[in-house]
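Please read the structure below before turning to the comments.
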């Protein structure tokens, strides 16, 4: 196939042309600083307010509870660090999971160095949080539960409603990293008892470098980036107006297309899973079969190593990944795959394919054909496979 | 930021200026926080406010509230003039942004200060009028006529 | 004049069309995550590297010492907070000036709440740092001197070389907030002994929501936003590729045009200053007459208040400001104008006009004409002016 097949939409997505279109006037024409007093800047203020309204409505949140940030990582850092600072007098214990994104895990490590205690809850073999462990972990000093809405590697969707209820019953704040879920799943922060929620534009066909943090009214959180009075004194820095407008547009389109797109992607994903599991031996699906993001498939292929697989797929014009993009420089196996109980050598052989609204059946079929060929080829080179075959022949 | 009415009174303020030999004059505010307002009253024998003028050092809201306040007290008697509260002035202007509400207090206080000056000069007591707050900074020049 | 006259380029600038042009392909075509392994993303990695190289060269810095951030505020926060954390064992004293941007001042307040001590050095009546006070303020526990390169309100340029030498002699790190200076002045981080430097794209005709922090090799600074391994593990978050490309392009153009542009703007600025000071009574220029940014003029007009002046200029299609945009909602007079010794009521009547490469002589002349009219009108309404005239007639 001549055309590139992009199946790494969990790493980042193409910005929709309509989104770029919406942003363009705010670079060169309506470029004013929204905090300025003159009429010229009031258009920009209005554009920012409209984006805020769109996003608030998409979550059933109050408009003034949406704060723009530079992306998912900043939102996660802000939620955790500012909560820790604001509620330290109540307690210094935080609960999260073992399969969070590094934006959460490394921020937790930072807090641990600063006198906070963090409990990392286990997940089951499908990647679903163990609610009984969560309940047991709660202490009088627990100030925050932070559990991701859906996992970026294996796509598993967490029982957010139950977690929200546990948090509410115990009077503990609940943050969710919804960077992978926002725009793919319906989220109602009130129905789900969510106090804080992180999202990132480039994960739902919006621009990179822009995201938001939802902070429920009444929370004592201070700013994370200190300075000017932007975002109701909670997030300093001249507003990224084109980015915010693009984020709003992407949210609008994501919400309008959510059902249809999700169904289409889930159907293709199911076809993909079905073909891989039936046609390739010693393959397994990682993550929950049903409770997963509509666009996510994650496989492990025994006896082979992930990087080789990715490079060979790349040579066939297929973009895929073995886990989160930001750790692809690392040689360690995914902490998520280890947490769901895969042994090291199998965790190393994993493949994540994440679809978009543009993915076609033809692309999926071509991709499966290529995976089949490449896996066979790599296995023919693999001493592990050789041993396995020998042992099973003996 | 401002309503159309505020902008109208800001761009074309009514009754700007001074009154020669006024019946009463009141200056309130504090230059240190940026706001000073002065109101001149011309009150006839029957206690009717025949004329009212102002000068203001302040933001758009301060100018507009001064202008509206003078419009509202003109032709009124003293009792009626006392009812021109900051809320009445704001309502007449279709509201002010929250950070600008304090500007409208200046107008109310300035009218009271001018009436107090009138009462003191004429040795009369105005029912319901209290001595205006001494809220003026040291730099301010005292009135000399 | 029908056309809008934009004289608030210190608040933000129009993104240059060439910059937008350079960014566009990275939204919809080359949208990949630069951390990904496949070929498709390597173009983006290269684009990011090129921008980093352009910026490093513009400062005579090492390429790997440039870190992309979401803007000036994040850069300032990162430099101060991470330095404080990394060097706390050496000491907990920081020196800055009284006229820094709030991104520095409020971060200092945050550090003060967290056990650090901050000395705020005075400036003289032109806004120039008192070097003798700086020297006296140094303690054995001083870990950082943070002094802005040029002030955002009055445009005064600091004696950065001298400050850098004092820092070096005393073995103290030196950070400079160059958000207003970068792209307007030549900066050599080695010649000037600068250890850290903040800049922001939208101040030099680049996009909003992107900036950088220069960190000299060898410094122990950790990350401020924790998470993925981007930016050599020092700044987490999927790279804002279009923003970075735009930042690089804007830096390239700013450097290529620096001399000529600066001369042109300075000539117009001098004409502006000359006309205002000769034609409008009781007007003063704030900031140093010579050591100032080529595009900055800042005046105080006695007896009048700034907001009224701005609104009336706006009605004549002139965009100006009375100080930093991010505090224009505030009623306090500028801390910078108070620091150079202006009394409160004069500080309230200040006007900042900041030019761009597009500013014309005609625009400046029109603006001065309008300022004259408006100042006269506002003075005729001012009780302070009335008093002044009366007292001077007696």
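In order of appearance the chains are A, B and C, and numbering begins at 1 in each one.
Here is the rule we go by: a residue touches a chain if its C-beta (ideal position, glycine included) is under 8 Å from a C-beta of that chain, and two chains touch if they have at least 3 such contacts.
The structure presented is a predicted model; accordingly, all values stated were derived computationally and were not measured.
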item	value
Other chains in touch with both subunit B and subunit C	none
Chain closest to the middle, measuring from C-alpha centroids that were averaged per chain	C
Per Cα centroids, the chain farthest from subunit B	A
Centre distance in Å when subunit B and subunit C are each reduced to the mean of their C-alpha atoms	41
Separation of subunit A from subunit C, taking each centre as the mean of its C-alpha atoms, in whole Å	35
Rounded Å distance between subunit A and subunit B, as computed from the means of their C-alpha atoms	59
Residue numbers of subunit A (touch at least two other chains)	37
Subunit B-facing residues of subunit C, complex	303-305, 307-308, 311-312, 315, 329, 331, 333, 343-345, 348, 380-384, 386-387, 390-391, 394
Residues of subunit C touching subunit A in the complex	4, 6, 8, 11-17, 19-20, 24, 27-29, 31-33, 35-41, 69-74, 76-77, 101-104, 106-107, 109-110, 200, 202, 207-210, 225-230, 236-243, 307, 310-311, 313-314, 319-321, 324-330
Residues of subunit B defined as touching subunit C within the complex	2, 7, 10-11, 13, 16, 18, 27, 31-34, 36-38, 55-60, 62-63, 99, 139-141, 144
